[in-house]
Every structure is written in structure tokens, then in C-alpha cells.
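Just below sit the structures, each encoded as C-alpha cells.
Common to both upcoming complexes is subunit A, partnered first by subunit B, then by subunit C.
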Partner chain A sequence: MFNFVITFALVLISLSMLALIYRVIKGPSIPDRVIALDALGVNLIAVIALISIVLDTYAFLEVILLLGILAFIGTVSMAKFLEKGEIIEDDRNRNQ
Partner chain B sequence: MTEIEISKIIVGLLVLLGAFLSAVSAFGIIRLPDVYTRNHAASKSATLGVISVMLAAFIYFYAEHGHFNSRVILGILFVFFTAPVSGHLISRAAYNSGVKLWDKSVRDDLKNKKK
Partner chain C sequence: MKTNDVILQTATKVVSLVIVLFSIRLFFSGHYYAGGGFVGGLMTSAAIVLIMVAYDMKTVRAMLPINYRILIGVGLLTAVSTGLIAVFQGDPFLTHYYGYFDLPILGKTSLHTAALFDLGVYLVVVGVTMTIIQSIGESE
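Then we have the complex of A and B:
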């Protein structure tokens, strides 16, 4: 019963990731795609937690924290690029 | 009923809740009309679903192996703090780069503000 519950949750999360991939491909604007990619990264964290429960090992749990940090940095840099046109601003170019 | 069975029931319920919330957020991302409502669906419900799945993994390894994994706790705290921030940033970037609201939305407080 427990294994069935874990497998069912994995299938459900995989279907929702397919829906997010549909939004990444079709999304009319760039922020749509960025939002869908951020949600994909967040769902990937859940997939890794469930797979480490299935495999009964805690060797992969560092990947959870790593993926959280990487998804946040990617989304912030993408938002800054969309808003200002550059990610790391150069102070000498600002006042010209 | 031993402690391990009770903890497995709790883990199963948390995992089902997380998968349900993840499916709800994907449904919202498919169905909702514009960027801001989709961002609303994605940032809140996907975050809560992933937090409950991570909590389930933590409880599973603590009850089954007696292994206290502090990185999962740090991951829960990090996702809880940063997912709303990234949702806010991407929504503000969408507004400032000129993405239109839905046709039937009735209120836009920033419309007359100049950049």
C-alpha cells in the first residue's frame, strides 16, 4: 500500500510536469515560460524526494537543497534580465 | 500498530497532499488566462506541495532509519523563503516589460503611474 501511494504520487507529479512543459512550449510571453520553468524546478525537488524514498537511501537529499538554490538564482537572474536588460549592472555605464 | 506503521501512514498522507497540490498548480497553469493569475497558481500551491513532500521525506528517514537529515530542513526553509520572492520578481518584471492583463480584469492601480 505504501509503495502504491509513493508510485501514484510520482505519476501525478510527472503528469503535472508534462502540463508545465506544455506551458513552457506554448506560453505566449517570456514571463510565462520563466514561471513554468521555475515550477518545473520546484516539482523536480519533489520527484527527487520521492525517488530517494523509493530507493530507500539518503544519499540524494543534498540535491534537494542544491536544486532549490539553483531554481531561485535562475529565476531571479531571468527576472532581472527581463526588467533591466542586463543581469550584472556596470556602475560606470549607468550615468552616461 | 507500531510506530513505523503510524509514521508510514503520516508519510503517505503528506505525499498524497503534495502530489494533489502539485497537480492543482499544473491545472491552474494550464487553465488560467494571463501571466499574473498563472503566477498566483504556480508560486503558492506548488510551493506548499513541495514543502509537504519534503517534510514527508524527512519524517520517513527519521522514523525508518533514525537518520536526522538537516539538509532537508534547510531545503524546506529555503523553498519557503525564496519561492514567493521569485514569484514577486517575475511578476514585477512581467508588468514592467509590458505584458497585458486579462481582458476582463477590472482594476489596475499602476496604469497611470509613469515609469
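Then we have the complex of A and C:
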């Protein structure tokens, strides 16, 4: 029963990731694609958590936090690129 | 146009502390669990990159006045001198030693010279990553 629930949740998350991949490919604008990639990262975290339940191991818990941090930094950098055209400014008070 | 990034900057103040603590935990858990100098160094440079994105290069340079090219040299020197300890003891190069010590607060602790080698890897990874990102970010 427990294994069935985990497998069913994995299938549902895979379907949601497929829908997000459709949005990444099809998305009419760039922000659509960025938000779909961010949500794809969150779904990947859920997949890793469920797989570490299936494999009965603690070894992937670092990967979960790592992916959360990387998804956050990637989304912030992409948002800043879309807004300002450069990701790392030299001096933000100089050229306004 | 002057933009107001107060939410990003306030979130960065909290999140960068969490990332640095996570990187230190990854570095010290490398001997017994997943982690080590490579991932720890990448996470530390991820924290610095996040501060660079939220603020600017000038602020980061005032906050961390580190020349990252020198950091690469310091890391390589640490790794090589860890191997040279064994040569002065009469053992082959890069032989590692360990022992159990009674530290004041931590109690009985196992200390290993492989952690010093890992510290060298950590410093080189932080130095290389920040050198790449800084030299790309500075070019106009």
C-alpha cells in the first residue's frame, strides 16, 4: 500500500513535469519559460525526496537543499537579466 | 531608471547566511557523509554570487576584500604542504595521519590530515569560481 502511494505520487509529479516541459518549449514569452524552469526545479526536489523514501536512504537530503538554493539563485539571476540586461553590476548607484 | 530591490536585498541577507552555513556543513561532513571540499567551495561561491547579484561588485569588494587569484595559490600551497608533512616524517608523499584528541568543548574528536587537503581543494574551488565570475562580470 505504502509503495503504491509513493509510486502514484511519482507518476503524478512526472505528469506535472511533462506539463511544465510543454510550457518551457511552447511558452510565448521568456518569463513564462523562466517560471516553468523554476517550478521544474521544485518538482525535481519532490522527485528526489520520494526516491530517497523508496531507496530508504538519507544520502540525498543534501541534494534537496542544494537544488533549492541553485533554483533560487538561477531564477534571481534570470529575473535580473530580464529587468536590467546585466546580471552583476559594477556600481549600482553610478549609472541610473 | 533606478530600481528598488528591497525584497531581494533583504532576502539575500538571510539566505546567504543559510548558504554559507550549509557550505561549511558540507565541507566538514565530507569524511563520513556526502559532501567535501568541492561542493562546499561551490556553495560558498554561490553565496558570494547571490550577494553580487543582489547588490553590486563594489559592495562585495568592500565587504570581502579578497584577491581570489591569491586564494588559488594559498589553496594549492595548502594541498602540497599537506603532502610534504609525510615526506618530512619519512613516509611516501601524501601519506595521511589521523588521531583522536580531547578538545575542550567537543570532547573526543578524530582529526585527520585529509581535512587539510580538503581545505586546499575548498580554497582553490572558491578562488577559481570567483575569478571566472568576477572577470566575466567586470568586462564591459
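Methods note: the second predicted complex is superposed on the first by the 91 of 96 C-alpha atoms of A that agree within 3 Å, B and C clash if a C-alpha of one lies under 4 Å from a C-alpha of the other, contacts with A are read in each partner's own complex, and residues count from 1 in each chain.
We take it that a contact is a pair of C-beta atoms (placed from the backbone, for glycine too) under 8 Å apart; a residue touches a chain by one contact, two chains touch by 3 or more.
In this text the structure is predicted, and so the values were computed from the model without any measurement.
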item	value
Touching partner for A:R23 - first (subunit B), second (subunit C), both, neither	first
First, second, both or neither for A:E89, with subunit B first and subunit C second	second
Subunit B versus subunit C as contact partner of A:A59, first or second or both or neither	second
Contacts of A:L15 with subunit B and subunit C, given as first, second, both or neither	first
If touched residues of subunit A are counted for subunit B and for subunit C, the larger one	B
Partner chain in contact with A:V76 - subunit B first, subunit C second, else both or neither	both
Partner chain(s) touched by A:V42 [first = subunit B, second = subunit C, both, neither]	first
Contact residues of subunit A, present in both the subunit B and the subunit C interface	62, 65, 69, 72, 76, 80, 83
Sites on subunit A touched by subunit C in the complex	59, 62-63, 65-66, 69-70, 72-73, 76-77, 80, 83-84, 87-92, 96
Touch list for subunit A against partner subunit B, complex	1-2, 5-6, 8-10, 12-13, 15-17, 19-20, 22-23, 29-32, 34-36, 38-39, 42-43, 45-46, 49-50, 52-53, 56, 58, 61-62, 64-65, 68-69, 71-72, 75-76, 78-80, 82-83
Subunit B to subunit A touching residues, read off their complex	8, 11-12, 15-16, 18-20, 22-23, 25-27, 29-30, 35, 38-39, 42-43, 46-47, 49-50, 53-54, 56-57, 60-61, 64-65, 67, 69, 71-72, 74-75, 78-79, 82-83, 85-87, 89-94, 96-97, 99
Residues on subunit C engaged by subunit A in the complex (per definition of touch)	1-3, 8, 15, 19, 22, 26, 33-35, 39, 43, 46, 49-50, 52-58, 133, 137-138
